[in-house]
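Here come two complexes built around chain A, the first alongside chain B, the second alongside chain C.
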Partner chain A sequence: MIVIIEIKDLRVSFHTYFGEVQAVRGVNLKLNDNDTLAIVGESGCGKSVTALSIMRIHNMETTEFKSGKILFDGTDLFKLSEKEMQNIRGNQIGMIFQDPMTALNPSMTVGNQIAEVLLRHGRDANAKRLSSKDAKERAIELLRRVKTPSPERRANQFPYEFSGGMLQRAVIAMAMACSPKVLIADEPTTALDVTVQAQILDLIKEMQSERRVSLIIITHDLGVVANIAKNVAVMYGGLIVESGAIGDIFYRSSHPYTRGLLDSISRKNGAKNEPLRSIEGTPPDLVDPPAGCPFTDRCEYAMRVCKDHMPPESALSETHLCRCWMLDPECPLKLERRKL
Partner chain B sequence: MSSGEVFINTEHLTRDFRIGKDTLRAVDDVSFELGRGETFGLVGESGCGKSTLGRLLVRLYKPTSGKILYKGKSVANLNKRESFEYTKDVQMIFQQPYASLNPRMTIGEIIKEGMRIHQLGSAKEMSERVSGLLNMVGLNAEHANRFPYEFSGGMRQRAGIARALAVNPEFVVCDEPISALDVSIQAQIINLLKRLQSELNLTYLFIAHDLSTVRYISDHIGVMYLGSIVEVANAEELNINPLHPYTQALISAAPIPDPAKENERVRIMLEGDVPSPINFGAGCKFAGRCKFANDNCREEAPALRKLPSGHAIACHRMEEINMVE
Partner chain C sequence: MKRYILQRLGIAAITIFVVITLTFFLMHMIPGSPIARENANMTEEVRAALTSNYGLNKPLGEQYIIYITNILHGNFGTSIAYSNRSVTDIIKTAFPVSADLGLRALLIGVSLGVALGIVSALRHNKGWDRFASVIAVIGISVPSFIIGTLLQAAFGLWLSSWVKDIFHTSFQLFPISRWESFRYTILPSFALGIGSIAIIARLMRSSMLDVIGQDYIKTARSKGISNTAILWKHEVRNALIPVVTVVGRMVGVICTGSFVVESLFAIPGLGKYYVNSVTARDYTLTMGLTIFYAIFVVISSLAVDILYCVIDPRVRYTGVSK
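This part shows the complex of A and B:
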């Protein structure tokens, strides 16, 4: 398997009024060619920061990359100049943002916004830059490809004339315009209604298999993960606490946080008058993150060692990694197997 | 649980908004009833009028036509004193815990405001009640002196619940109270709302866009589409045996957090988006996206009719559709 993106020991901090927020605290990730990796976690766990680091689109006045590297096809993205990076963004790595209403320029027609990407990066059959006429034609073609009705008319309209679902299609068209190798989708369906979400997820999957693009999808919705992902990384408190193939996470999860997340959404079989299983408490403050496992305060299994010492990553199988002291061979506690 | 009496009900409730020359009918001829101590879940996609309906019930909006009956009495005919009483009895929990708490007031002041207006006790009694309420919703008494910005989303929502309960309401409209919260926090808030309901014998209208949550908390569920209720049923019944093609699509569209089941099942895909509710013509509003729609559907709007099973549905072709499946 070819590894297309490899993140090694990524640490990212933001300097804020309250102090240094350690948003990502040592993340290792691999994305294989033609793979779909879902990064799951709650708000503030560092999932978006990790993915946006690949694109290097943070506000550099407040962001500090403390350590680590991101290899894209063998190239270390942190070593590239801004100019070189611009040739990768939108060209080799595409991005779909959460809220299509704010991701597009409100004062530019949708067609022109898609054409802009093509004018900047696109080449014709003779490796020549595209003329604006060709770019516009390709933009319309892309709108048609993402199933926009009457694309010629739509291309000349402004974002406010589109519905949320149609806009997200336009954003997907834009991200796919230069046939990137990697597509990063940051909560692509969170702002959409369920019936539209189903359409958009289908479209992303279709585009992915058609153009053989590797996908990183960031989401907090385990239903979306189940629908689209092949591999999953669960983040909590700036760390990946568990990662593995989709079956490892859904059927063999070994971290109490992953288990808690799965439990709190399994409303299907629960008896009606029984309270839902919830995870009490709130995520840790990353200005002053705990020295040990970040989940300690909310974990029903927490031991003394958890508070002060960071659990090592244990390999449960070739694909399945988990950070929990309960996996230590000397630990007498075992994660209770609950039926979902 | 329900004592059988009708606590609050609406009759042909309609609300229009003027948009320039056009009319947007946000709530269209909605009739439903709710027994004391019950939870009625209201689901639908954005723009279906579910929040408008909730706001009509707390009288944030006036109905264009139709009426709301509270304990059998029309809300529009209440005198001044009864109206004032109604604002105490009926409270609302808002969707956005960030936008619904005044940033310049402390949590204590926010909770106290309603009590002060309704003159529920002396200053000392009110302060004591604030501490009691904060404890009841899982916060600490000392949080009363903090400002909303110091709180996380889940804590703010708890404060919003304490605010709504401060005046001893009987009926609470919960307008998507958990959709702005993280998954692990959502379960906490749902458990809290359920516990408070049984302790205080509250009646809830629970508005959401997600059927799985509503199913857990509700006794009955109504599904709304473009201002109309298209199906009403007992919560379990609706999930197991949805009869309206829109409800069927809605249930089918929600992803199941289980990869094996998710891959196996066949989805009913709806084409396109929810159409605009402005100047809607005659006929069933779902006809444009419904694969079963015929000419009759496009010409005549179906009325909500009750089936012997207690299920109510607004669909001309219900019998044929559900025979096929």
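This part shows the complex of A and C:
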């Protein structure tokens, strides 16, 4: 397995009016070549920040990278200049955003916005920069590839003339235009109609296998995870609390938070009138994060040690890592097994 | 598009008709008459002859109908105060001067305003931004006659006396009155334009800050586009949309003459005629200028709306009735 992206001990903070928000507090991640990694968690857990750090497109005035490195194909992205990063963005790493309705420039035609990235990075057969005519043609070709009906006409239309699902297709076309090695999809289906979500996921999967691209998908929807991911990282309070292959997370989950997430999925074969389970409480304040496990306040298994001491990462198997005190050999408590 | 423009022109015609009617009756409600101001030892007979010459002895309704008929024939009448000069003639000589001054002021206002707005948005809450805010507050709160006077004092008097002391020449780089060559236009254009610099700079700043925070800027960055290209192609272009509206409304006001600045710099523009015509009860001139002003404002706002369609594609959609 070739590791294409490796994140080591990433710590990211935002400077805000209320103080320093420690959004990411030491994240380690690996993305294998031609693999799919899902980062799961609720709002504010640091999943988007982690993914955006790879692209380094935060508001740099308020963001501070406290420590860590991100290796992309062996190069440390944090050591690159802004100019060198620009050569990677859109070219080697593509990005799909959450809300396609706001992700495109309203005063530029969709075709031109796709052509823009081709003009920036694209090369023709003789390794020459593309002419604007060629870029336009390729943009239309890409729109056709993502199954846009009458792409010639659509390319000259503005974003407001598209539906949400159509726009997300165009955004995918844009992200895939230069055949990047890595595609980062930040909640690609969240803003879409349920009926369109599956189509978009299928399209992403199709593009992935066609172009051999490694995918990082950020979501809070475990249905999406089950559909597309091979590896999963569950984030909570700026930390990865559990990570593993998809089977590890769905069938051998060992963290109470992961278990809580799985329990809160509605079931078609559940008992009648059984209420949906939820995790009580709210995530911790990351301006002043707790010294111990961030999940302590909401955890039904919480012990005294959890509050003040950060649990170490325990390896349950070669792929499966979990950060919980219950996995300590001396702990008498064991996570209750519930049937999925 | 054609239909939209025709529709707008129709509405414009109605607007102008209402303006004419209101102005006509309001003006005649002001006590006094154009003849009363004439020579005090004018005999009753002369006064009566003049009054009937201008048709002022007829009932108001009849005067109104006569006036409307004349306008429809393109005849705006002759000025009462300036004997032997037709209203059209006055507009023809004075408007180009006012428009020239106005366009220069607008050019200063738009170029400096937009530039200042962009810089202060990019240097948000830093030195440049503070500097631009100070300029904006001054521009908005200090009336043009004070700015004009200060400019005259600083560049006209102090600078030229300083030049005289050092170079022993009485050459004035920035003359403070009259409207002749380019040198003469600089001070009045700034005096008139500083207010618009301030308004446009503030608007451009907030509009830029809004656009910079939009998701599509993040998308553009994720494509690897250089910061300069993002600034011009994505940020400034979208931020200009609200500015165009405001500038459009300004064109009508600024280009039809500013009484204050024109008086201050002794510029033979429309503003002076307009104010004087009201105090002199010069009915025909006031009416003519009002109509001209109304037509100008209506047409410039129509032009802005059309321009709007060009820069903001979303407007085209609602603007064109199919």
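Convention: the second predicted complex is superposed on the first by the 332 of 340 C-alpha atoms of A that agree within 3 Å, B and C clash if a C-alpha of one lies under 4 Å from a C-alpha of the other, contacts with A are read in each partner's own complex, and residues count from 1 in each chain.
Just so we're on the same page, a contact is a pair of C-beta atoms (placed from the backbone, for glycine too) under 8 Å apart; a residue touches a chain by one contact, two chains touch by 3 or more.
These numbers were taken from a predicted model, which means no experiment stands behind them.
**Q** Count the residues of chain A touched by chain B and by chain C, then name the partner with the higher count.
**A** Residues of chain A touched, chain B against chain C: more for B.
**Q** Looking at the overlay, what does A:105 touch: chain B (first), chain C (second), both, or neither?
**A** second
**Q** Quick one: is A:12 in contact with chain B, with chain C, with both, or with neither? Answer first, second, both or neither.
**A** Touch partners of A:12: none, neither chain B nor chain C.
**Q** Once the structures are superposed on A, label A:164 by its partner contacts, choosing first (chain B), second (chain C), both or neither.
**A** A:164 sits against chain B, while chain C stays out of touch.
**Q** Touching A:115, do we find chain B (first), chain C (second), both, or neither?
**A** Neither chain B nor chain C is touched by A:115.
**Q** Mind working out whether A:262 is in touch with chain B, chain C, both or neither, as first, second, both or neither?
**A** Only chain B; A:262 stays clear of chain C.
**Q** Which partner does A:87 reach: the first (chain B), the second (chain C), both, or neither?
**A** Once the two structures are laid over each other on A, A:87 reaches chain C alone.
**Q** Taking the superposition as given, does A:276 touch the first partner, chain B, the second, chain C, both, or neither?
**A** After superposition on chain A, A:276 lies in contact with chain B alone.
**Q** Using the touch definition from the top, say if A:246 reaches chain B (first), chain C (second), both or neither.
**A** Once the two structures are laid over each other on A, A:246 reaches chain B alone.
**Q** In the complex, go through chain C and note every residue touching chain A.
**A** Touching chain A from chain C are residues 124, 214-216, 218-227, 233-234, 237-238, 241, 311-314, 317.
**Q** Can you name the residues of chain B that touch chain A in the complex?
**A** Interface residues on chain B, with respect to chain A: 45-46, 152-155, 182-188, 190-191, 194-195, 209-210, 212-213, 215-216, 249-250, 252-259, 261-262, 267, 269-270, 272-274.
**Q** Write out the stretch or stretches of chain A touching chain C in their complex.
**A** Residues of chain A touching chain C: 55, 57, 61, 82, 85-91, 94-95, 97, 99, 102-109, 116-117, 120-121, 158, 160-161, 171, 174-175.
**Q** Residue numbers of chain A touching chain B in their complex, please.
**A** Where chain A meets chain B, its residues are 42-43, 149, 163-166, 193-199, 201-202, 220-227, 229, 246-247, 250, 260-262, 264-268, 270, 272, 275-280, 282, 340.
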